[in-house]
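Just so it is clear, A, B and C label the chains in written order, and each chain counts residues from 1 on its own.
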Amino acid sequence: MRCRDIHELVTAYVEGELDERRSSALRGHLRVCTVCAEMVEDEVRVRELAGALEPLDPPAELWSAIDARLADAEIADARRSRVWLWWQRALDGARRYRIPLGVAGAAAAAALALLVARGGDERPAGESRVAELATAVKSSAPGDDPCGAVATHDEQTLCQMHQEDRRYLDAIAELTQLVAEERTAWSAADASRFDAALAELDRAAGDELKRLAVAAAAAPSSRDPLYSIYQQKIDLLSRAAVGGAP
Amino acid sequence: MRVIPLAAILLSALAGTAAAEPVVERDVVELSPVKGEHIAKLAIDNRLGDVRIEGHDRESISIIAVKRAPDHETLERLKVSLVPDPSGPVSISTALLAGQEARPIPAGSVRIDLIIMAPRSALIDAKVWKGRIAIKGVDAGAELTAVDGDIDVEQVSGSVSTESNHGSHSFAQVFGAIDAHATEGDLDLDVVRGERLAAVVHQGHVIGRKVRVRDISIRVTRGDIDLSGEAMAGGHYSIASYWGNVQVRLGKKVPMHIRAQARAGLVTLPGRFRRQNLDGGVVTGDAGAGRSPADLDLRTRVGIITVSEF
Amino acid sequence: MDDDSVDIAASKKPSALAVVRPARRAASASDLADDAVLVEACRRGERRAMEALYHRYKRRVFGLVTRIVGPGESEEVAQEVFVRIFRGLGRFRGDSQLSTWIYRLAVNAALSHVTRRPRHEGDDEALAKLPAPEVSDSDPSLSQRLERALAHLPAGYRAVLVLHDIHGMNHEEVAEILGCQVGTSKSQLHKARARMRDLLGPALAAERAAERGGERK
């Protein structure tokens, strides 16, 4: 066995993975070669030192920091439905004043348009009351259906529509951010081609939202064209961010 | 096309006491084309529950609609409508008719589930809202959309496209082409053959066993990809995850060129590949000699790439 | 290093001719049952169960994260890991051990944090935050040198070394956590150790010389 072989086999030997024949040959070489013997000693020593490292205790405040972040996450979950909470109030008002549901449907679409226009994370007017409601309505465990707390079938359908809108928009927002990080490496031609394609889809989405705002229906099938555009947007963004091809 | 009038065969109807007991009604409808005509396409739109479709060897369509409502009056508002267009697709849709505002329907208390037996050669187009689509035994492909629900495809040939915003897709014994799009949901493939497999998943895992397809394109933003099967000579395989591991297990040793990029981690290739490590975490590998090697492009931003052969 | 770490049987000077194999305690049936009970309670949102789970795994997670990302940002990443654990328990299917799943979350979070940082060799601020040695010593001990040297390993090698040598996992476990083959784990460990030997070379040689000097006395 030569020094070169010892270099290849040292870890396997020290871990006891080497068969007896090669171990014996290796030991034979070590008897006559100080350099390799020291290398094996070093290997064992590194492993010992690593294994003997003291366990690390996190600081005492770590748990309360985690607890606080979990609470924030639950509030954020409740806030995801803030548009439907806002909508709840509008519905209550509509019922009280006998506004037909068709008009309410248009308001739902307008709420969606507002959500999209403001990038989803800014607060529409009347938000302080909604924020109160959001903190009051807390998901008790992950996986709970936020639309489960709603009273009527129509309200539930509207809640679900908002939830699905939100899901698409969140995915698009996340992918947009990833694309922003990736595009620094693109050529100018690629970037402008991508931007043009995205702008086209944004235009289509905008037109669809306007159409929804005008139409009276608030049925799930009304979302079909819009969701198809969102899907194409996710496709485009994913190809750029994940696929590496703008 | 001759339509048998809606024969509402009430197989069971549970009478409710006041509002406590939900009411269930099961309607069966059968639709037969005129002799010599074939039903080419079937479009199903059910936003009130699940849809299950099974191919059969007859030319007729059978529809079983199971309706659930809190009381009889609401049950009357649940409608399944059938539009047999002589020149076009047979169209089945469901609706909840408008009623009195004074008595709104409690959430979760109404549903219509459809079970449909259709000719195998009919192209299926099904849309549900919050419900499951299950399809089995059709040969002309399918276009399936479940905004919030799982989609299960079994023993289907043709061009299959599935889309969900929240829900997992499963494909078992599918021959043809698959186009799957899921915002949040897993993809599971078991025995898939054909020309094309294209999948875009934002959050979820993609797992495939016994996949033998000429062209594959899979992109996952957050999730692992684990594909096992055979690469074909001259095939193109583009498999990428932003945040997840990419694992490819190949059964047959064909000539192959691999480009793998794992910007944060390890790339493992089988021994028979001549490997080159380039900048930016890119690894290329070549194996076998042949005029049209299979071409693999594997990427992950945060994760590990493993290619192995069995 | 598990919470229940066992002394490695090598307190004497290592002999190049002997193979050192530390004993490891396998997870007992009652450990696994405990985990299952805790997970169920956590899924129900029971705060005390969540805190218990945290305490059971805090050292393992914090240790792993600190050695991969460095002491400066480890608290933030450890927080992130536990938040993902509790938010993700609903999805944990029990098809691997809970500890494996937790380690996998921790390694993924740590590695992705490392890759987001701008690359620079050696993080001086982080080094400054290393716990001061008990005896005020201008010359850091070998252990401290090893800790600092970790920062000079590429992230992939670092992960394998930390999991295998520091946390005492075998290659099967490392492979399961990292999602790679066992062979990959072995070869990465080999490279990590070789790099470590390079980085610690002078210090190891000095230790050897000192011991020989001591023997001669």
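Keep this in mind: a residue touches a chain if its C-beta (ideal position, glycine included) is under 8 Å from a C-beta of that chain, and two chains touch if they have at least 3 such contacts.
Note that the structure is a prediction, hence the values are computed from the model and not measured.
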Practice task
Sort the chain contact graph into one of these: line, ring, star, complete or other.
Solution key: complete
Problem - Most remote chain, CA-based centroid, reference being subunit A - result: C
Handout entry: Mean-CA-position distance for subunit C and subunit B (Å)
Key = 42
Problem - Centre-to-centre distance between subunit B and subunit A (centres being mean Cα positions), rounded to whole Å - result: 23
Fill in the blank from the handout: Whole-angstrom distance, CA centroid of subunit A to CA centroid of subunit C, is 27
Practice task
Scan subunit C for residues touching two or more other chains and write them down.
Solution key: none
Completion exercise
Touching at least 2 other chains, the residues of subunit B are 301
Handout entry: Residue ranges of subunit C in contact with subunit A within the complex
Key = 1, 3, 5, 8, 10, 14, 16-17, 19-22, 43-45, 51, 54-55, 58-59, 62-63, 66, 75, 78-79, 82-83, 86-87, 89-90, 142-143, 146-147, 161, 165-166, 168, 186, 189-190, 193-194, 196-197, 200-201, 204-205, 207-208
Practice task
Going by the contact rule at the top, pick out the subunit C residues touching subunit B in the complex.
Solution key: 108, 111-112, 114-115, 155-156, 178-181, 183-184, 188
Completion exercise
Touching subunit B in the complex, subunit A uses residues 95, 98, 100-101, 147-148, 150-156, 160, 164, 167-168, 171, 174-175, 178, 219-221, 223-224, 227, 231, 234-235, 238-239, 241-244
Handout entry: subunit C contact footprint on subunit A (complex, rising order)
Key = 7, 10-17, 23, 27, 30, 37-59, 62-63, 65-66, 69-70, 73, 140-143
Handout entry: Touching residues (chain side subunit B, partner subunit A) in the complex
Key = 45, 47, 96, 101, 104-110, 127, 129-130, 145, 147-148, 163, 165-166, 181, 183-184, 200, 202-203, 217, 219-221, 238, 240-242, 261, 299, 301
